[in-house]
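Please see the structure below; I have some questions.
Order of writing sets the chain letters: A, B, C, D and E. Residues in each chain are counted from 1.
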């Protein structure tokens, strides 16, 4: 064993002290830079909301919310788009939830660990990464053309459902997985069959998680634009849609067309901004509901 | 004891056919297949018509810089689109990676619990804003701002949508990188702090190297998102089909090409119509590879500890 | 300013017509009318459609698109549309395709000339040199290879006293009748400069030209007249001195006739027979309430009243 | 009880017979054998205690009786378990039916996150009883049998998670009783409870043993000695000794049993 | 060390003085007090062992000496720790500086997921030494001092995770030594190791105690008795007894110390 006699003069106290001061300075400045960087998100969010809010002032009123579309900014309203978005959700919600929860139940409760399960799981995570515009092409080709649904609410809704399906599947899987095994055991020990156990014990307990995921999926669907544009929503459509076979316009579509035509009619920018405020409020509400559900039904076992 | 409960139950059990128990798994399995069918649907949709395109257009023409799909003698060089896509994605990454990563470092290594609790919801909010809103923001705020600063910037350009796309992706990079850093065992941090390291040194020399694959996976996913992003570029990049590396000029991405084409002429069986699917297929393959790569990388890093 | 004026006139008209139409209105119709095609005609058609839906048949849904004239015909031929708007006459090739489907122009497909448009060359407000050009100069600058092999044409190539800066050529893309009119009728089907940046949306063109000093574009007069604050129209010299496009100069026998063209809508008469709302809307388009009244507001020169009356008679014959 | 003709307690005592006959039972978790050639008869209307050190296979054994052990996919079994003379491993033997007549109470109370009432009527409901009045009757009766009625009768619609641990365990017992099983399997039913709650549950078990066949796993020698008629001592998967409780506790035949009982290991 | 004039070992022995003087130290995790009014002097170039049952505050105490305990946000302290006469809790006292001269070895070996070489030179590098040759020198010296050199000299660029547990722990010690600390804090440095590795690390510590002030937490009475000069016995946050190791192990003043040492509890 060697003695530590070779004294390293670079590591002497004076030297170290000087260097440490410098290092602490660098550390402090880095912290500041990182903080600013983290605050950048806040800044952008602030500017974005401020800009959109101020642009919407004077335009967002009852008349705007309850009127039909118009080429004249003063008369224009987004009632049709609101109804369109709503009816779209009427399709998306049940289709996605039924398909998504069923898939999750299959993966978590029925499938045995094997190639098929892995295939479905990988497939779902990859599906989640497919650009939405590709779903638009799928919708256009399969629902629009092949099934002849055109650019109806049904076609749009089915397209959106497939787009947000992975969100619901993953959230439901997590919720189902989080149901403790001892609850299942209790049910099986009473002579309950598998489906009885799933429907009466597992699903009710997993419900908050499933709901949260479903709401997040809806809020994604409500803001998606590209698939609808690709599906071919007409530029001007005044009629308030009545049923799911009607052609329609939706809030993001309206924002898109008004943004496009801003140079032609400057006030369209205000209409777009006002529509964005409505859209953001809807998203905010949906997300708040999701958070409330999440907090309210936090696990008690 | 009420004696007949047992009898009722036994009687019920005898007549109760277990039909639901036999039917439900089939239903669930079918539902699970839908996701596979969707993928197959996407692939078939794209490949079927893309093949017609590849058969109709010579390979040399496809890999040229000449793109004029509607012209009397149409040209289908895909390079302008790929170039436009890469250009905007690069700009986006140049915004998203530094800001996203440093934010993640801040949140994971510097911030107190309190600050973290306040900043994270803001990130989540930013992540939840629809892309069309970012598109509007790019067009109505960022582009005019940039034009005031950069002379010669065209009203539609690659820079503005690139930057806004970057902003849009920041939360993704931040949250995934932060997850990766959080999974670095605290023992490593302690080891470094005990040697007199500052927070920065711990972050840069210990945490980031240990979390590097997770961080890189987040970058790859972010690139994939940027490549697939549609509305921002459609609104703000101006759909010029020129092959240019000049970010002040108008360009077109693959996604924007699809939107432009479908909002004009998506009606018929021309080569131009098939080109839509060819571009879609290339886009699909691009993003799929990116996603698989990200999954592969992040699976690797999970194995490390 | 522009749009507000338009809006208020729109509003007044609406009150008037509302009163008049109450007598005319017979039956309440419903269903959809699907219109697509020309982006040039779009503002006029959208305006007509909106008036129709607000004042005449509130339960009918008229959907108006603006994919471009050629794109419109591509949807019209297989029967996806009730109306195809067009800023050019239907081509023989398109007619042939219609006939393949058993549709004859004049019987199953009716052509209505709606108004006259003046193709307008627009430049940036800051462009103080190219405010007047001869027709030849315009043709030459857009011709591929005329000035430069790589088509990077400078203003000074056209006139030496103009700045030595590269011209940015813009125009609508090949989906649009306006492009075809320009290419066929003005460039005489010679190749256009490769540097031209062709766009799907007219709004994008307006935006680009309004923000680029060296830009030049061509499109219908309507898109210029509604954006006069952002654009300058080039006065074109057809041989008799520079002519500014205005509603007074656009017309077949008027000074701007060199760049004047009619705009159309094509009706699928079979659908008009089957669907009363299509027929009714067609009548409204050609009625005095329709194109005739609203053309001016949207930057078109109206046709003589007799022409519209003829169309109305043609439609009345359908049933 | 349940379909069998009612007899006086004396008659029953005389006619006692094996409700479960376990023959050459072996059980593996993957390649690890957890039960080795077990032979036991579980006598009707008696309490059988299962004792043994941790990991010896007590839980595994008791879970085999209602085939809950099959929930773990890697489990393999051989041998026979005759229940009322029929092999429960037979293809034709429905596990739902088995579990309907063989109730189980777990170590940790596991009520459903539902109301007290819903917990108790869960079994009757899934087995097809829908009549509200009938269900209420069953709930009251079961809660009374589980010595819980007085404590909860005014809050039947409250969530079961609001109950104390001991109350929850009694609720789980009531939930079992509601479908009137023949047999109650109990896996250390008091080990997660505090002493007072343990006392209450133990008292309840002593009540129940008059009406049910009970198989109880326990770590407490006192509990085993006090409650059970028969005791089985397991050691690393082997059944070391089985017999009358009194006999086992007073003069165990096997040295290991004695060591265990006197607290020398385990 | 570090700036102090070099003296011969004999001189040092004579002049021994407290390198750490802990005065009235209290420490709370939130509202739970984990250290109660501790007063100890840690003598220079001596080994101080900290013993006591689990949860008594040993780790807390040792982590307070290099202020690592502050990594837990809820920690509050009162009192003074004088290091070379200066209070380490003072505003002006930099923790980086403190930790540079007070090294720490953890219970579980925690090398960085880097090469062996990079692990050792981590400290010198962050302290601004860039010269490659110099770094290599330091690495060699430190690895030799940590009795690891011979085992790793041919694989310095291999990942440290490829080493065995005992090697990893010695690597962590080498990593500490590379910045030439005055004091080494060791929190049960051998408890995660197998007997052979423990033996090697213990041997190393016995070597090191000639050159460093060492504070070592240990569960092993043998270890404490063999290695240390002084021993401190903690019990639920209180310092029960502190003194010469020999004295404490031969005739503890406090009954509780005796009970603990003789293995009667803990």
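Annotations
Assume a contact is a pair of C-beta atoms (placed from the backbone, for glycine too) under 8 Å apart; a residue touches a chain by one contact, two chains touch by 3 or more.
Note that the coordinates shown come from a computational prediction; the quantities given were computed from them, not determined experimentally.
Here the chain-to-chain distance from chain C to chain D, counted in touching steps, is 2. Chain E has its Cα centroid 49 Å from the Cα centroid of chain B.
A straight line joining the Cα centres of chain B and chain D is 55 Å long. Centre-to-centre spacing of chain A and chain C amounts to 40 Å, using the average Cα coordinate of each chain. Across the assembly, chain D contributes 96-97, 100, 127, 179 as residues in contact with two or more other chains. In chain B, the residues that reach two or more other chains under the touch definition are 13, 196, 198, 201, 263.
Counting partner chains per residue, chain A has residues 20, 23-24, 191, 193, 196, 260, 262 touching two or more of them. Which chains touch which is summed up as A-B, A-C, A-D, A-E, B-C, B-D, B-E. Residues 66, 68, 71, 73, 95-100, 103-104, 106, 108, 110-114, 122-123, 126-127, 172, 175-176, 179 of chain E are the ones touching chain B in the complex.
Of all residues in chain A, only 68, 70-75, 234-239, 246-247, 260-267 touch chain C in the complex they form. Against chain D, in their complex, chain A makes its touches with residues 112, 182-193, 196, 200-201, 204-205, 300-301. Against chain E, in their complex, chain B makes its touches with residues 112-113, 185, 187-198, 201, 205-206, 209-210, 304. Across the complex, chain B meets chain D through its residues 1-3, 5-10, 12-13, 16.
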